[in-house]
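Letters are used for the chains, namely A, B, C, D and E, taken in the order the chains are written, and counting of residues starts over at 1 for each.
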Amino acid sequence: MSDNGTFKPVIVGFLCNWCSYRAADLAGTSRMGYPATLRDIRIMCTGRLDPTFVLRALQKGADGVLIMGCHPGQCHYQEGNYKAIRRFALLKRTLRQLGLEEERVQLHWASAAEGVRFAETVTRMTKEITALGPLDWSHNWPNEDPYALEEAAHE
Amino acid sequence: MSQKTYTYYPGCSLQHGNHAYEVSNRAVAKALGFELAEIDDWNCCGATEYFSLNRLPAYALVARNLARAADGGATEVVAPCSACFLNLYKTDKHMKLYPKLNDQVNEALGAGNLSYKPGTLKVRHLLEMIITDVGFDMLKDRTRRPLYGLNFAPYYGCLIARPDNVLDSTEQPTLMDQMIEVLGAKATDFHLKTFCCGGHMTQISEETAYGMIHRIIKNAVDSGADAIVTICPMCQMNLDVYQGYANDMFGTKYEIPVMFFTQVIGLALGLSPRELGFGQEFVNMSGLIDKIQSSPPPKAKAARRPKEALPMPVMPE
Amino acid sequence: MSDKKGKLGLYWASSCGGCEIAVLALHEKILDVAAAFDIVFWPCVMDFKYEDVEALEDGEIDVCLFNGAIRNDENAHMAHVLRQKSKVLVAFGACSFGGSMPGLANFTDKDAMFDWIYKQSPSTDNPQGTLPQKHSQVPEGELTLPNFWRTVKTLAQIVPVDYYLPGCPPEAHQIEAAVTAIVTGQLPPPGSVIGPDVTVCDECSRTKNEKKIKHFYRPQEIIPDPDVCLLEQGLFCAGIGTRSGCGALCPQVGMGCRGCYGPNEGVLDHGAKILTGIASVLDANTPEEVDKILDTLPDPAGYFYRFHLPQSLLRRRALGNGQKQTAKTGEAT
Amino acid sequence: MSEQRVGVYVCHCGHNIAGTVDVEHVAEWSANLPNVVISRDNKFMCASTGQEQIEEDIKEFDLTHVVVASCSPHMHEKTFRNACARAGLNPYLFEMANIREHASWVHASDKDGATNKAKSLVSAAVHRVIHQEPLQPMQVDIRPETLVVGGGIAGIQTALEIADAGYHVYLVEREPSIGGHMAMFDKTFPTLDCSACILTPKMFDAGSHPHITLLSYSEVEQVDGYVGNFTVRVRRKARHVDEDLCTGCGSCWEKCPIKVIDTVFEAGLGSRKAIYRPFPQAVPKYPIIDVENCTYYKSGKCRMCEKVCPTEAIRFDQEDEILEVEVGNIVLATGFQLFDPRRIPNYGYGRLENVFTNLEFERLSNAAGPTEGKIVLRDGVTEPESVAIVHCVGSRDKNYNSHCSAICCMASLKFAHLVMEKTGAKVYNFYIDMRSISKGYEEFYHRIMEEGASFIRGKVSEITDAAHTPEEEGKLILVCEDTLIGRPRRVPVDMVILSAGLEPRADAQEVGYMFGAGCGDTGFFTERHPKLDPVATVTEGVFIAGACQGAKDIPDSVAQGAAAAARVLATISKKQVNLEPVRAEIDESRCSGCRICNNMCPYHAIDFIEADGVSRVNPALCKGCGTCVAACPSQVINGAHFTFDQLIAEIDGIMVDVTAGALEVV
Amino acid sequence: MKAAEKSTLFDRVVKATPGGEALAQCLQCGSCGGSCPSAVDMDHSPRALFAMINAGMEDEVLGSNTPWYCVSCYACTTRCPQNIPITDIMYTLKQMAVQRGHYDHPHAIKFSETFIGFVEQRGRGFEFGLATRYHLFHRPKQFLQPTQVFKMGAMGANMMRRQRLPVRPVSIREIDQLQAILAKAKVVAAKEMQA
């Protein structure tokens, strides 16, 4: 996660197959550089995004989650991204209550032609998360069980 | 309507050069039942000059006013001068749009123990505020001296119509036209209603400035107007004070009064010319009062189009 | 089970005692339990000492019904002891299964909680600001209190659990079914939640239609139509994502399901499922419109994680992160 | 569960990947991932040697799953799936990691970062793939009938091609006659042949073809079903004329006392009657009654048309009819609408009487139009002495439409020619860039230059009647910068023609929604692939042709119409189609009938089965987006190939190097 | 790759202008020049200036009178089909020209500087002082021409008679606060210049 002392965030991306994944492809074919912080997962549509996936990524140590889909009104499946907007709005409120900074989980749009926008989004988000520092959710979960600690000490 | 108090940014020009505007604003506010409370210890907005030479201090200069207004608990601020309005509006908008600028401006404000969160204030022009908040119904209701028989060229100038459209069009707004009609007068078909008055060019290049002033005045007179109505002290000054010079340069003899829109409202509300700051203008406007008729002039019949003429396109309402 | 009577243990860790009452709500069926088991440990009802349990052989207890969440050293100690002494350890009730009400403490922190309870709350009179101490000297000697944790955990997060019997509290008919299963040896595969794998909607007799939520209401704000799905009327109901078994008790009387039975099989995060279900049917397509509707649903996390925050994927509110987002008014902390 | 045996193949792609990502290291490292039995790197996986390697390994190592780390799945997923299939492995047991477009090409300056990311993407695929299940494509039968929506030139062409091949077509047109915009034009560029002369025969053919059912003055209201088996509900609006009896003799509209300005066909310049036939060559030939303007519908009186009709064909009480048709394929050819120049107030259209739109000019110039082809000012008599033609009105402008409307340059040249030919007036063309890209177009441009038209390179800033100088008095003044001189210019003229751009129809979004075709950022329907699949949409069995897909001229519209027809004929002759098995399925034994999922589906594929209290997905309608899957609060909808377990495993896999410090998972 | 080390004129203009990235998309359509009320007096139209910025013609661009004739009416900005913030770019060019000490229109800059001087000193604009000081110090030749003196003098007298030209300047109360803010802003701006 970090080498030579600088913090490089890990961002898990959920990209829709038709717009944002292709935007990422286009960023590739056009050789637009952006930080190697994003690890992306392809879903058919942002409408497939179960909020569980976001929580899972954070639980597993991600510093941020980036969800990207087609622009509103241009969903390949007509309105999947509207569902994503709704879920994201409620998820954001929930995560805020769990003490997560707003910048950690973001929803953005990029059409298949917007490689630049894709690269810019990743770059910007990387900067924002780098400024926040590591999330490292596991440290919210200290082992307080004296038995387990004792056992761990024995080993 | 309960007595509402608006946080008010008068701007330097209204303090002296265009005091008539300030006087009429206050008089009209009183008559329409709202109050204008100045931002405590406000400073100059920098006009267009400061932005021309030093961008960041220019934003900081304007932001001090926003910060002081917001500190006073305001959620909106009203400016009667279009340049002041735009500077306040643009500073707030740009700070919101460009996070880096926001940080820099707030760093500067910090030196004066101030800070401003963009979006806190809604920046409004007095014209838009009166039309929206007071409303045409109330204006009509309070009209004591309908301005029957007067023809006004509604001159919006630049900075309320552009770059952002805070009225109904960046090119051909109609809100003030409607207001004029509500007050009993007629708004003329004045095509150059958003053409620039020349701004500070009167000081820098007379040729350029007088050319622009002349065009506006000519178009206003051609449109059949008895007076031009402005919403900005700079526009008033250019069209009024320099009207003679423009005449000299083009060999014309125009003599058309240039009024502030609150003076027009005030007249209709029945306020006296004195209460409305008449007398500061170069082209005398008192004569207009004599032109007011006691009843609405007969509606001019739409010119009948010849039989063989092709129909005009239907314009949307 | 052989002819020999089995040994039954019941324990309450961090809990309210409702689960104990639920056991008693078996009414005359409790006699069957007594006939089948010797109760070797039930501190809520009879005088047992921890030493008595500790003295048992490993695995000597056949079945232990463990209710309550784990929030201090004592709870953890008993969890380890009972795990060692029991053949079958059942997480009994919502607290031991998902953390439940004690688990809501995970929305805040130990320090903040102590500060409020012992100093700030209006009913407190504590001018010295005294806080509970692990060790305190009194004339009679030293008193000790178990160490209070920063984070509430579930039983399964401390020791391996064989079965789960959710509910706040578990319904009598389910306890009965579970006991019968144990007595007859007809147990589902270890690790199972005992209960049907459908949601509360399955048992709820209200009419369900296609859903579109335009506005949320608090229960005191409207009188709901008695025959129509509560969620469709804008009343929060967790029934869509909550395991059935209760007989849809709450929705049947006009109160939205609170979610005490937890999620269905395979679900990793109960709150996320209710969240997605409800968010999906909001009647808005722009962030602004969506936000307008959501403004009528205060404390969403509180709704989604009312019973299962410690069991959820994130388990608690951030300790160190998130100072920037201090809780806004109207949100649970 | 039988043992999982995964093969991993990391591609160098020559230097494309290996230049940035340490491919050998990734392959070595992957060998230690769970279930991996063989991990290799290879110069070119997509080459036949690479594919054969996979096939051999599947047999030799008894692989149950395959992962290839190379380019984007949009590039070669099919290639490797086929390789797996050839070796007897179900193609859906294959997964791809995109380490070229998403790693090597974008992280060239951070080789460690790129390698690290490649590892995490491979790990994600390895973790995911073992949860993947063998899937079979679905096969459905194709009905031979076709629905064509829109009776402009593109729709007519499509309908004729299919009908000529012997298959039945339902051609639905919203207006009373087919013909579309082309019927309104005077001449066509660059050949200047008469628009009506070349269109009318085609309209007649479409109207009389034995295999075409022409449903004019009709609109599609609802579409159900899926490729091969659509059920379409069409509303046939009441004409108030009995088509079986009417002979199209014209007595009714001759005698009708009510004159109405015709804003559709005559672009507002001419008039028609309250009972009318839009134009003489209309197909079908029957008139319709304009209920809004007819006296009978206002006062119950008049009935003049009824009195004069020799065949008693007038039916005042006629009502709309609903028709249901069953078709296998659908072609959308709904066309465009003209940009409304009133939206640009500085061009003065509607205020300055001698500013005309391009469509108005077409009617002016048309011999069958309101002035019988005389080009005159709005006063109806004066011939202009100077005419300005403004290009790019509402096009190439982010304030309105950012796209190029493609036809205006050539149409403007055509206007210039017609004005010069008919009036001898001086013509100024104001353009930004001249685009004359098709066959014969550049030659046409040269011809118009030769004929004496002036060309001023500069976007017109405003059109005004506020004169500056005596010469400008009474004229329309075009204000612009002549960018080739670099100076502002004011050009006074008598008449202005605005070449208003082409934009998507106002209801394109709605129509697209009904048929399952999406709209892109310009608002036109989106093709499945902009280059290689320009007439298909994402919905199987729904095709697009003509200007509804993007601004285009007549030859391109005709070509697309024919192309769409060819695609339809191909599916008809195949008789069956295969559908991707990425589908949602509800586990009905666990569904509690909460109905959250019911209105998730834009394709209406989810039905609630009242009797069982469960919801059910119609697999033929489902497109596999997964929106319902993510919505289901009890997690009982399975999204094939994107299941909950697969995606969670992918997340876990992608975080494999980070998770050490993460939470223990219960 | 090394060639790009010194940033181009284009990059600097873009960077110094909020929203300036749109400049890259200039179509060279000329709707700015056509919309500009003072374009006739400009030596280059804004459009031409943008092409010159692209071509790196720094001396010509910063020496052009174009930005100084900009009246800040924003007509070009609202009509620009590519949404380029043209007026703001004119501000940027003026600042860059001043920083280089290389500008065409001394009157304009002197006028602006005089105005700013009052604002920085007192927190308010002061028209009388502005008019006299600017004309007297910066345009003495024109000012002291007999006709001009008469003209200006007559106007001033007229203004004063109508109470439109006060002779005493006004200051704000907390001028220290304002000056501290402006001083800091200049420091922040300088820091950015260096970066």
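Details
As a convention for this text, a residue touches a chain if its C-beta (ideal position, glycine included) is under 8 Å from a C-beta of that chain, and two chains touch if they have at least 3 such contacts.
Computed from a prediction, not measured in an experiment: that's the story for all the values here.
Here the chain-to-chain distance from chain C to chain E, counted in touching steps, is 2. Of the two chain pairs shown, A-D and B-D, the one joined by more C-beta contacts is A-D. Ranking all chains by how far their C-alpha centres lie from the centre of chain C, first place goes to E. Centre-to-centre separation between chain D and chain E, using Cα means, comes to 48 Å. Taking the mean of the C-alpha atoms as each chain's centre, chain A and chain E sit 44 Å apart.
Chain A and chain C, compared by their mean Cα positions, are separated by 30 Å.
Residue positions of chain C touching 2 or more other chains, listed in rising order: 267-268, 273, 276, 278, 280, 315. Among all residues of chain A, those that touch two or more other chains are 50, 52, 56, 59, 79, 83, 87, 137, 141. Residues of chain B in contact with two or more other chains: 171. Listed by label, the pairs of touching chains are A-C, A-D, B-D, B-E, C-D, D-E. Partner chain C is touched in their complex by these residues of chain A: 50-52, 55-56, 58-59, 72, 79, 82-83, 85-87, 89-91, 93-94, 96-102, 132, 135, 137, 139-142, 144-148. Partner chain D is touched in their complex by these residues of chain A: 1, 3, 8, 10, 12, 18, 21-22, 24-25, 27-29, 31-45, 47-50, 52-53, 56-57, 59-62, 71, 73-80, 83, 87, 111, 113, 119, 136-138, 141.
Taken in their complex, chain E has these residues touching chain D: 27-36, 39-40, 44-45, 47-48, 75, 78-79, 81-83.
Interface residues of chain C, counted against chain A in their complex, comprise 70, 73, 76-77, 80, 107, 147, 149-151, 153, 158, 267-269, 271-273, 275-276, 278-280, 282, 284-287, 290-291, 294, 299-302, 304, 312-322, 324-325, 327-328, 331-333.
Of all residues in chain D, those touching chain C in their complex are 590-600, 608, 613, 627, 630-636, 644, 648, 663, 666.
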